[in-house]
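Next come two complexes, and both contain subunit A; in the first it sits with subunit B, in the second with subunit C.
Up next is the complex of A and B:
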């Protein structure tokens, strides 16, 4: 089992590990794919400079599911990662849990990091979209993917996030500096939170117990906890699945075996070079996403499928806006089960799409999400400090 | 039966920007293969597109020059297809909200005036180039042109002959060069077009089968290709020589024939979708008005003004308005010296001669108009004679650094002397030295005096007003 795909020697403390979706110029970056086996980037991600400046050493590159679109950590070319009980985990979560590194930096595409943090009792933040530069991250689903941080404690998670937040001219979706600053400076305001009942129907007993503990901690700290329904959030799963697969299909089309990456030895024509290189190097989930994404963007499906998903994105954003008008945070599970095994994957190959029921609402809306105590708290844009305050209460209530 | 031809054009024009559309690589023509590339324009993961604002400036300028409406919120989209010269396997272009729509371009042919409707103008990136190496039988790819900014100008099918197509292309070229949108050099591929053509019985309201010829980049080839295609279509309709199908064809100018390209290469579902990495470009009033204010006068309006207000001949006005560089220089020089005719003469004879000798085109004129005006003024005021002024002009073309004509004339002893004493001395000596010429002149041979005049001029190193010298010479001879 490979936790590190590449490692730096003589790493000083405090150290962070980067998911292998984040490009480094001194270590290979694979995106968990055979396609990019041993790929050396000519440049590193913008956040590396920021981390280094803040005094964090880069321990190495953590194994990830192929192009980060999985949810359960099972799709890496370099093998799945399990915890000591044999449950599917993630390399970066294992490295943080074992104390090998202070924090892990990942690219949250479909919520795999949130799922792993919830399972392993870590603190995790996916900040507001556009507040951390994506320059130098392997592109998968650019309209929603966000550089994220996980750590053992709220204070470490918050400090590492603060070091990478900021405007970057090299990223056209990067927000202006004064907006980015809000992530660090906006005052916390935690009076009332809502648990979305409609998203807790199918969770297992372990997850339900975590949710109850979180509710109890918050209530004990004087926060009003209400239970409400919001059915529309369930549509995020399919809509994000469509957007993510379409964008992934387009983003990985650059891996054609011509310029870099895996090239098949078996070809006579340019068509065979493309087809055989890609057939050999992409894993099954990636191929599924490519076919699905390609179909949703076809002439016939664009309006009824893709464009509709863009409209659903707006509906979800509006639904959150009305929720956040009343509640400082919205609480939903991070997954239906606390732990998955290989057997679960064998029973349902598309778990990464199904389990996105819990992770897609934050992915598609670009809103900040913090995982603490095994559940997910979603706030309005730039309300990271409010979410961290809730996470702190949950941390202390344990 | 009589037939009519229906033609629509898609014209690609490379924009005159310093750098590429989404990265800072040079967009200049030429260079060693793969010299102008970076991780962004050769499709490596992790680079994000940041739109070059100047590209949008030029897209708007083109739209305004062609009487289009400008989309005040314009967006970029991705168009997917696989080809080795397209490093990301998608091209960033504009599909849903192009920068300009609904334009109108006026053309004039032997059949009279006509307006051609423009459907839209969109901004996009160019692709690279495949180079086949026959020796090793491999194809290599050169990414220098990848991501060079282009606009594509899509016309409505309003054109009906090769003559109209050529008039339309020349009109586009003139307007876009005037507005400094592009140098529109067909031979370098910075202007090229796709010709969509069909033929139908005259008066019919049903369109015939349409074929497309891609990447045409010479006006003569376009004329030949259109004439060939029209004949082929009519032949097929009348004689059933072949079944016309909607397809893309390649024009072989050497053989004078068009060939069908394999359908697989051309049939396409391009899977357009909005590029999530490029935020919609919002053109606010300040930006819009700034571009509007920077638009040049149309060349024919300039031409009319030069003739009506400045009194130039039609011939001079035509020559000047063929190039924006000449117009700019002309107008700046006129401002300084006040004589349109003088400036036109200097530009059309002297400057044009120098450009010809240097094998440069009129668009490559880099002369500063204000400086030229100062030089002409020195000449008009009789401070420097024309021969020496030409020497200064030559220096203005050759020098790397700006030349101040007055200072240069002073430094090189070109200032016309007002020292009449010196002139008189020179005249006396020259006349005394050539009594035969004086006698011939007095005997009626006007030309006999020229030798003495030339000698005086030489002695004075040209620094005198020729008119004054002539008068003084005649006066001296009279007094003998």
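Up next is the complex of A and C:
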């Protein structure tokens, strides 16, 4: 079982590990894919400079699922990661949990990091879209993916996030500096939160127990907790699946075995070179996602499927706006189960598409999400401090 | 709706430069069938007068001053190439 795909030796603390979706110029970057096996980037991600400037050392690169679209990382070309009980886990979560690193930085594409944090009792933040530079990350689903942080404690998670937040000219989706600063400076305001009932009906007993504990901690701290319905959030699962795969299909079209990446040894023509290189190097879930994304962009499906999903994105953002007008945070589970095994994947290899029911609402909307106590809190844009305050209460209530 | 017949699916693979095994084809077509149910369910959301949203945050087109920057040399870029020859990326002969 590989936790590190590449490691810096003699690293002094405090050290952070980077998921292998983040480009480094001194260590290989693979995206968890055979396509990029041993690939050396010519440049590193913008966040590396920011982390280094803040005094964090880079411990190495953590194993990830191929292009970050799976459940927790099980589709990596370098093998799945399991915890000491044999449950599926992620490399970065295991490294943080063991204390090998202070924090892990990942790219939240389809919620894999949020699920792994929830399963492992870690604190995790997916900040407001555009507040952390994506320059130097392997692009998968650009309109929703966000650089994220996980750590053992709220204070470490918050400090590491503060070190990487900021405008970057090199990222076209980076927000102006004054907007990015709001992540650090917005006043926390935590009086009332809502649990979305419709997204709690299919969770297992352990996840329900975690949710109950979170509700009890917040209530004991004087926060009003209400249970409400908001059925439209469930449509984020399908809409984000469509947008994510359509974007992935385009983003991985660059991998053709010519300029970089895997080249098949079995070809005679240029067509065979492309097809055999891609077929050999992409994993099954990635191939499925490419074909799904491509099909949703076809002439027949563009308007009724892809365009419809873009409209649903607005409906969901407006639903969140209504919720956040009344509630400081919205609570939903990060996954339906508190732990997954290989048997779950064998029973349904597309499980990450189904489990996106819980993670897609924050992905499609670009809103900040914090995982604490095994559940997920979603706030309005730039309300990370409010979410961290809730996480602190949950942490102290353990 | 997504295609569910094998002939169209072959075309889709060709378009994406992929060649799936028979077992993979069956699995992905079953995945498409399941997704068709989800896509049908999206119809319950009224988006008649809703504008599409590509960017989740307001985006401004930034007009920057022209500035010449040189990021990498050709040699550097070709270090990761599977095959290169005298400064060119090498591919199989295209014209017989």
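By definition in this document, the second predicted complex is superposed on the first by the 398 of 398 C-alpha atoms of A that agree within 3 Å, B and C clash if a C-alpha of one lies under 4 Å from a C-alpha of the other, contacts with A are read in each partner's own complex, and residues count from 1 in each chain.
Convention: a contact is a pair of C-beta atoms (placed from the backbone, for glycine too) under 8 Å apart; a residue touches a chain by one contact, two chains touch by 3 or more.
Quick caveat, the model's predicted, so the values are computed rather than measured.
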- Mind working out whether A:270 is in touch with subunit B, subunit C, both or neither, as first, second, both or neither? both
- Have a look at where A:42 lands relative to subunit B and subunit C in the superposition and call it first, second, both or neither. both
- Of the two partner chains, subunit B (first) and subunit C (second), which one does A:129 touch, if any: first, second, both, or neither? second
- Message: Quick one: is A:366 in contact with subunit B, with subunit C, with both, or with neither? Answer first, second, both or neither.
- Response: second
- Query: When both complexes are superposed, which of subunit B and subunit C contacts more residues belonging to subunit A?
  - Reply: C
- Check whether A:171 is in contact with subunit B, with subunit C, with both or with neither, and answer first, second, both or neither. first
- Task: Please work out whether A:321 is in contact with subunit B alone, subunit C alone, both, or neither, and reply first, second, both or neither.
- Result: neither
- Message: Just checking: does A:282 make contact with subunit B only, subunit C only, both, or neither of them? Give me first, second, both or neither.
- Response: second
- So, does A:247 touch the first partner subunit B, the second partner subunit C, both, or neither? first
- Task: Classify the contacts of A:302 with the two partner chains as first (subunit B alone), second (subunit C alone), both, or neither.
- Result: first
- Shared contact residues on subunit A for subunit B and subunit C? 42-43, 143, 169, 172-173, 253, 256, 258-260, 270, 274, 294, 310
- Given the complex with subunit A, which residues does subunit C contribute to the contact? 1-3, 9, 12-20, 24, 27-28, 31-32, 34-35, 38-39, 41-42, 44-45, 47, 50-57, 59, 62, 64, 71-72, 76-77, 79-83, 89, 91-92, 94
- subunit B-touching residues of subunit A, taken from the complex the two chains share: 23, 31, 36, 41-43, 45, 134-139, 142-143, 169-173, 246-247, 250-251, 253-254, 256, 258-260, 270, 274, 294, 297-299, 302, 306, 310
- Contacting residues of subunit A [partner subunit C, same complex]: 39-40, 42-43, 128-130, 143-144, 169, 172-173, 175, 232, 235, 237-239, 241-242, 249, 253, 256-263, 267-276, 278-279, 282, 284, 287-288, 290-292, 294-296, 300-301, 304-305, 307-315, 317, 349-350, 353, 364-366, 381
- Inside the complex, what are the residues of subunit B that reach subunit A? 39, 42-51, 78, 80, 82, 84, 87-90, 139, 141, 269, 271-274, 276-279
